[in-house]
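Order as written gives the chain letters A, B, C and D; numbering starts at 1 within each chain.
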Amino acid sequence: MSSTELNALLPLTAVGAACLVALAGVAVRRNVVFTFVVTILGFAVSGAALFASSGAQSVGGLLVIDPYARFFSAVLLASNAGVALLAFSYFRSYRENREELFILLLLETLGGLVLVSAVHFASFFLGLELLSVSLYSLLAYVRTRKASFEAGVKYFVPAAVASAFLLFGMALLYDAAGTMDLAGVGRSLARAGSLPEGAVAITGLVMVIVAIGFKLALAPFHMWAADVYQGASAPITASLASVSKVAVFALFFRFFSGIDLRASALVGWILTVVAILSMLVGSWLALRQRNVKRMLAYSSTAHLGYLMLPLLSGGRAGAAAAAFYLVAYSAATIALFGVITALSSVDRERDDGAELIGLAWRKPFLSAVFIAGLLSMAGIPLTAGFMGKFYLLTVGVGSSLWALAAALVLSSGISLFYYLKLVAVQFSRQEAEPHGPRTPLAAGFALAVAIVLVVGLGIYPGPLANAIASLAL
Amino acid sequence: MYAIVWLIPALPLAGFLLLVFLGRRMPRAVAAVVGVGSVGLAALATVLVGASFLSAPPAGGAIEERLFGWVSLPSLSFAFGFRVDALTLTMMAVITIVGFLIHLYSSEFMSRDGEFWLFFAYMNLFVSSMLVLVMADNLALLYLGWEGVGLCSYFLIGFWYREPEYCVAARKAFIVTRIGDVSMLLGLALLVSSFATLDIQELLRRAAAGWAPGSALPVVATLLLLGGAVGKSAQLPLQVWLPDAMAGPTPVSALIHAATMVTAGVYLIARLSALYALAPAVQSLVAIVGLATLLLAGLAAIAQVDLKRILAYSTISQIGYMFLGLGVGFYSAAMFHFMVHAFFKALLFLAAGVVIMAQGEEHNIFRMGGLRTALPAVFWTFLIGASSLAALPLVTAGFYSKEWILWGAWQAGRGGPLLWLLGGCLGVLLTSLYSFRAVFVTFFGDQKIRESHLPGARMKIPLVILAALSILGGFIQIPSDIAPVSLFESFIGGVFPKAPGAAEGGSTQILLQVVASALSLIGVLAAYVLYRRGVGAHERLADSDAYRGVRRFLFSGLGFDWVYKWAFVKTFDCAAKLLKGEVVGRAADAIGSANAAIGRALGALQSGRIRWYLVGIALGAVAAVGAAVWL
Amino acid sequence: MSPQFSDYALVVAAVLFALGLFGVLARRNVVYVLISVEVMLNAAGLAFISAGSKLGQPDGQVMFIFILTLAAAEASVGLALVIQFYRAYKTLDTDSARELKD
Amino acid sequence: MIPAIVLLAPLLGGVLAWISGRAGRLWVRIWPLALLVLDFAALLAVWIGGNPDAFHEGAYSFYADLIVPWIPQIGVSVHLVLDGLSLVLSLLAVFIGIVVILVSWKRERDHEGFFYFNITLVLSGVLGTFLAVDLFLFFLFWELMLVPTYFLIVGWGGERRAPAGFKFFLFTQLSGLVMLLAILALYFIHGGSSGVYTFDLFGLIGTPMSSRTSFLLMLGFMAAFAVKLPAVPFHSWLPDAYVEAPLEATILLAALLSKSAAYGILRFVLPLFHDAALAFAPVAYVLGVLSVVYGAVLAFAQTDLKRLIAYSSVSHLGFVLVGIFALSPLALQGSVLQMVSHGVATGALFVVAGFMERRLGHRDLSRMGGLFPLVPRLAGAGVALALVALGVPGSGNFIAEVLIVIGTFQASPLFAVLVSSGLVFSVVYALWMIQRAFHGRAAVSGSLRDLSALEAAGALVMILVVFWLGLHPQPVFDATSRFLQTLQGGA
């Protein structure tokens, strides 16, 4: 391995090292502050290391550290750093071991980093499993709470099945294409229609899509999401909603950009149907939810449906749109779950809509963050979500994906109902029990950064627009 | 003196503004001085302007004064500008002088009312608007005045706003006239789109040059304008509001619903006579409308028992005469009748006001009686007014004005004799019948209610002056076969196209006059027989069912109200009730609930069972793979 | 082209996969579900190996080793969950974990 | 710089109000008021002393023109212009803003700092739509108005404020997204044909496209404008929103937000899709007439005073819609005048309705009656404004409706006839309102407080403005004619 390759791998190495240091720390003497600091430092160093390399640097044919990978790595690191801050606050009063939580977070991040740079089935698979297995444990982390455990099981079983789908699909693709290199697979798929192995290849591709669809909770593979979101602790749900989706989507986009969809229009159709279903079903299901996390689970199905627009349109503009949207989505996700986190503690999850009654008057800062997050999710101007949706519609219209654009508009309309319901509730003058201590510093910091991002990117999207303009694959 | 022209409408307007903003705190005397004085000054100014108009006629026969711009657009402009010619001056004189007398009368009549100041405010605004209407040099300004008088009429009809039924009457008046106004506005729109101007003189010039007589556009335009005229002047088919308008205080009825505002339609057609000349068919229609209205209203008047309603129907009928005059091209005659009618009808209303006040707000003439001795001044003036209305020959002004119109009708082409027969013979007979019915029933026989609230000087003086005018006003224009006096015609005639037919007709004219005069006397006689001497005859008739049916039909104003109620009012109410539930909004809500229902249905799939979720994934996978392999 | 060995292997793998899937769907006992998942994973492994042998590449077998590792990892986490499951619900029926639902 | 100052001054006032929220109730009001007055003065100064031809852009000329790049990657810039039309409407907006602050002067409520911040944010949003000529920016402001209005409704509204606010938000947002699709499509069509990707209005005017495309895009724009105007049948958000919103927000909604839609048609739809708009005119007429009649009939059917005024507003804006699409000079001028006059008059009517509600404790017409002798000033103002609603001669509405009818007649006599029926219906509901509230027998026992001198003066000023617009509308015509003349280019 050359030094440039090592250089390029630095971000991953940093996170891995942080993992080892934290493990060693636990072995010597448990100290949650130490583990937490190591985790944050790991993220910070890894983030800094992203600047150590430039251009596209292939590593052993499995990974490629290119601007695209670096950009999404940054998103993942930032998101999980936020999650770590939230988790630190959330688990303050947890009486059992807390150190492993951060180690698992580091591992999950590492999986995500591998995913966004993966260019080979092996690294794809490896990254995905790293991510998933850490998540199983994270979701079920709070042993004292039955719901948390139920969430773990409900994620684990389907995820394992999805892994099987993924692997079988990969095997079929490998069988048909003769290579496990993503680009190579894409090239051979372009010819797949004319080959006798075409059916095998397409079947394989579809099975991979099913697996990815499961991870992204796209309809009709979305049903697990609500229960898992609801059951898990708020910061973990935040990670599940942001990091795992961003990472998997980044890979999905990279994989798909190598496939010429014109050659396999069918897959395009299937994805279109999945996208429209996700947008509508997600929004419809979210309509009647009282539990905020549950509602956000369904709404995230809709959001991932929206992201099919850039996926299907592809190209430089598609990458930029997806990148912007994912940043906006992650920031809003951290903001929303962050507020739930700040309201809750490990003893009591305050994720019911009723907990928000009169929040605007009781806790203006948390309320502001929450409203900003909701409005961003709803795509209201001067929030990052608006710019994101604008980008999506831009590529949709630019590629004449009219059905998808129309579904997006429709779904946005439906989604207003549940987002605004939560906004309105916060303005209620009805007296609610005054609860919750002051927002802990760590969570407060994460929330402040999130709201600055959500609003700042809405008002002044220029820098980010610049950064994503060159994410070509 | 022409420089003071703008003061004439401005004075009452100033009076209005003073009263409306400060009147509530003014002592009654001050409010009265402001209210009456402003109109008095306007009358004085009118007289001064009129005098100089007569002594030194302005160039072109009209005083023109442009106050300030209003709307100035490339495609259309109009200003606050006045143009005073003989026609306008006649109108102005009637409005200000009769108006002043009525204001004077009101200062006593209304003196006990709590909102005395407000009454004068509205009255002043009315006078101002009416003056704007007649003085406007363009149709937009005319329309402004036109709407303004309608508004004042609304407020004055509903002046006693605590009584809901008065409010209803006021609303009805406004809405019905508004329908006509809209028609008129559309007429203006048509004129603008054809000639790009609303300046009346310019418009008439361009129309004469640009429109062929009898072609479609002038017909439509004049029809639309006619719609406005029949609305304001309570002619068929929009006459229904006027009888109800009697809910207002009696001076209001005298000024607005007899002397001035209701003749605005007459003025409009006279003002645009050159336009109507381009649409002979419509002009004939004007005559027919007038004729039909005068007969219908005359019939209805016979069956009324409310003194004011009798007068109201009589007003409708007399304006019918004016329309008849306009329709046959005898514009001067119509205007002459307008002037004379203003005198005697104002007189009748004011006298009726005294009667009603003296009888303790009793309106039903059959509960009155014998007031001849109790209220002698009123009796004599009322009698003069009624005679003039009935056109008793030679001594009354009404005779001269009506004869002029009937002479025109006789000469109006093929249908002329028929117009004369119906209008002249039947109409005159009906008129004298109902007017003297009122006289005999009210003033003769036994007194049933003791008189109270006897009129003071401020009420009597106007009565006397108007009575004098009702007699003397006729002598400025006498048919040539009786005496060659033609002051009115020579004053105003220049404004109109020359009347068709001969001004004098020798023996034919004499014959017609004799017949009409005889009929008016027969009417008086019949009234005497039926309602005074032969009370028995009337009551014997009243026993028969047929008579009662006819009477009810006539009493209701020939059923128009009933038809309109079912055709329009109920329909509108129904529509309002139906739509109140927001059908459209419900549809939007239904979409919302449909979404919620879908959400619920999908939610049923979220059973919480892991296996169930796996089935979802598996089915999705099978569907996708199936689609991929099979398609 | 006559059917080759790898094609039969692929068919076997597909059948195995379907069986595993059926097991996952039909079984309510968590342990059986885990076993069925293992079957599915192994079906994928078989498919990789057949593809690798058809193409004459070692990559398929490498992937199989990956899969084995994964299966072990999943099984360890899975069995941990099973133990917790039994503690929490006193049964191994997956359907009993349904406090969270719409 | 002037447009930016105009745009940001209210916002600055709002931010200062928010910051000084804890400092006391006085400063919370003084800051926005002071900045709005300054804003008003600045606009007046431009109107009186400015040069309307100072800047040019094609056939258009402006008092001021400001371009600052914003997101150059996609061709978005902050492009604000101030021409006669935007000037007049901005003046209206700032005027109404001042009225709103004064109306709420004595009203105590929770969280006043945030309340006034939202008010000024709405104003800035409205001003933004009046000034922006970059389509992206316009859309941004268009949507931006929504959020603070929504906050005002759900934060300080009536009993059923949450569903009302939601309905309002949903309708406008959804239709806004449709407009966004159309904007984007236009952006790509223009970019595709010229290679220049821009959202600038003046760059996009004259983009070559097939008449079918042009029609579809115009429909996209019209969706947003028809909802916000609102035209029947897209109006069903309006009654609830107007009724449930706090008085201040109702005034803003009725007086300003609806105008932004009419303005949008004038500024964007007609220049961008002139021929398509001509083709669309019959549909617009139908919508307009439907609004005129339906609004009037429903206004008559109401017993809730605010709801009645709300529907009357629908009716009046139907006139505007018809007038705009008649595309004749008279009708266009009439529509603009109607926008301004209706803005002031309806704002004032809601103010009066608010005064009545404060005194009576309810706004149920069936429980009112005979207010005239009890509170003569209040009733006088109410009667005067109801009369304005029915187009009393001399008022701005009167001359505007006359011009619209005349102008429409030139384009389509049939629809002139139909739309003028609204003049009759308006009488029905306006008189109904007058008679139920002010006339008739007194339904209220005890004494009510009449308007204070200050309140009366405020009402009088608004009434005088309406009559000034009716008797001397020429300044408005002169200011807007430059722009309106460009609209008839093809006609």
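Here is the rule we use: a contact is a pair of C-beta atoms (placed from the backbone, for glycine too) under 8 Å apart; a residue touches a chain by one contact, two chains touch by 3 or more.
Bear in mind that the values here come from a model prediction, so they are computed numbers and not experimental data.
Asker: Closest chain to the protein's overall Cα mean, using per-chain Cα means, please.
Answerer: Closest to the centre of all protein C-alpha atoms: chain D.
Asker: Find the chain most remote from chain D, comparing centres computed as mean CA coordinates.
Answerer: Of all the other chains, the one whose centre lies farthest from chain D is C.
Asker: If you tally contacting C-beta pairs, which pair wins, A-C or A-B?
Answerer: Contact tally favours A-C.
Asker: Centre to centre, by mean C-alpha position, how many angstrom separate chain A and chain C?
Answerer: The computed centroid separation for chain A versus chain C comes out at 26 Å.
Asker: I'd like to verify one number: the distance from the centre of chain A to the centre of chain B, where each centre is the average of its C-alpha atoms, in whole angstrom.
Answerer: That gives a centre separation of 78 Å.
Asker: What whole-number Å value describes the gap between the mean CA coordinates of chain B and chain D?
Answerer: 38
Asker: From the mean C-alpha coordinate of chain A to that of chain D, what's the distance rounded to whole Å?
Answerer: Here the centre of chain D sits 42 Å away from the centre of chain A.
Asker: Can you list the residues of chain A that touch 2 or more other chains?
Answerer: Answer for chain A, listing residues that touch two or more other chains: 153-154, 157, 161, 165, 226-227, 285, 288, 417.
Asker: Among the residues of chain B, pick out those that touch two or more other chains and give their numbers.
Answerer: Correct list: 603, 606, 608, 610, 614.
Asker: So, with touch as defined above, which chain pairs make the list?
Answerer: A-B, A-C, A-D, B-C, B-D
Asker: If you look only at chain B, which of its residues touch chain D in the complex?
Answerer: Residue list for chain B touching chain D: 20, 24, 68-76, 114-115, 129, 140, 143-148, 151, 154, 158, 161-162, 164, 167, 170-171, 174-175, 178-179, 181-182, 185-186, 188-190, 192-193, 572, 575-577, 579-580, 582, 584-585, 587-589.
Asker: Which residues of chain D touch chain A in the complex?
Answerer: It comes out as residues 70-74, 110-111, 136, 139-140, 143-144, 146-147, 150-151, 154-155, 161-162, 165-166, 169-170, 173-174, 177-178, 180-181, 184-185, 187-188.
Asker: Okay, in this complex, where on chain C does chain A touch?
Answerer: 1, 6, 10, 13, 17, 20-21, 24, 30, 33-34, 37, 40-41, 43-45, 47-48, 50-52, 54-55, 57, 59-60, 62-63, 66-67, 70, 73-74, 77-78, 81, 84-85, 88, 94, 97-102
Asker: Tell me, which parts of chain C touch chain B in their complex?
Answerer: Checking each residue of chain C against chain B gives 21, 24-25, 28, 94-95, 97-102.
Asker: Using the touch definition up top, name the residues of chain D that touch chain B in the complex.
Answerer: Of all residues in chain D, those touching chain B are 167, 171, 232-233, 235-237, 239, 294, 297-298, 300-302, 328-330, 333, 370, 372-373, 376, 380, 387, 391-394, 398-399, 402-403, 405-406, 408-410, 413, 416-417, 420-421, 423-424, 427-428, 431-432, 435, 438-442, 471-474, 477, 481, 485.
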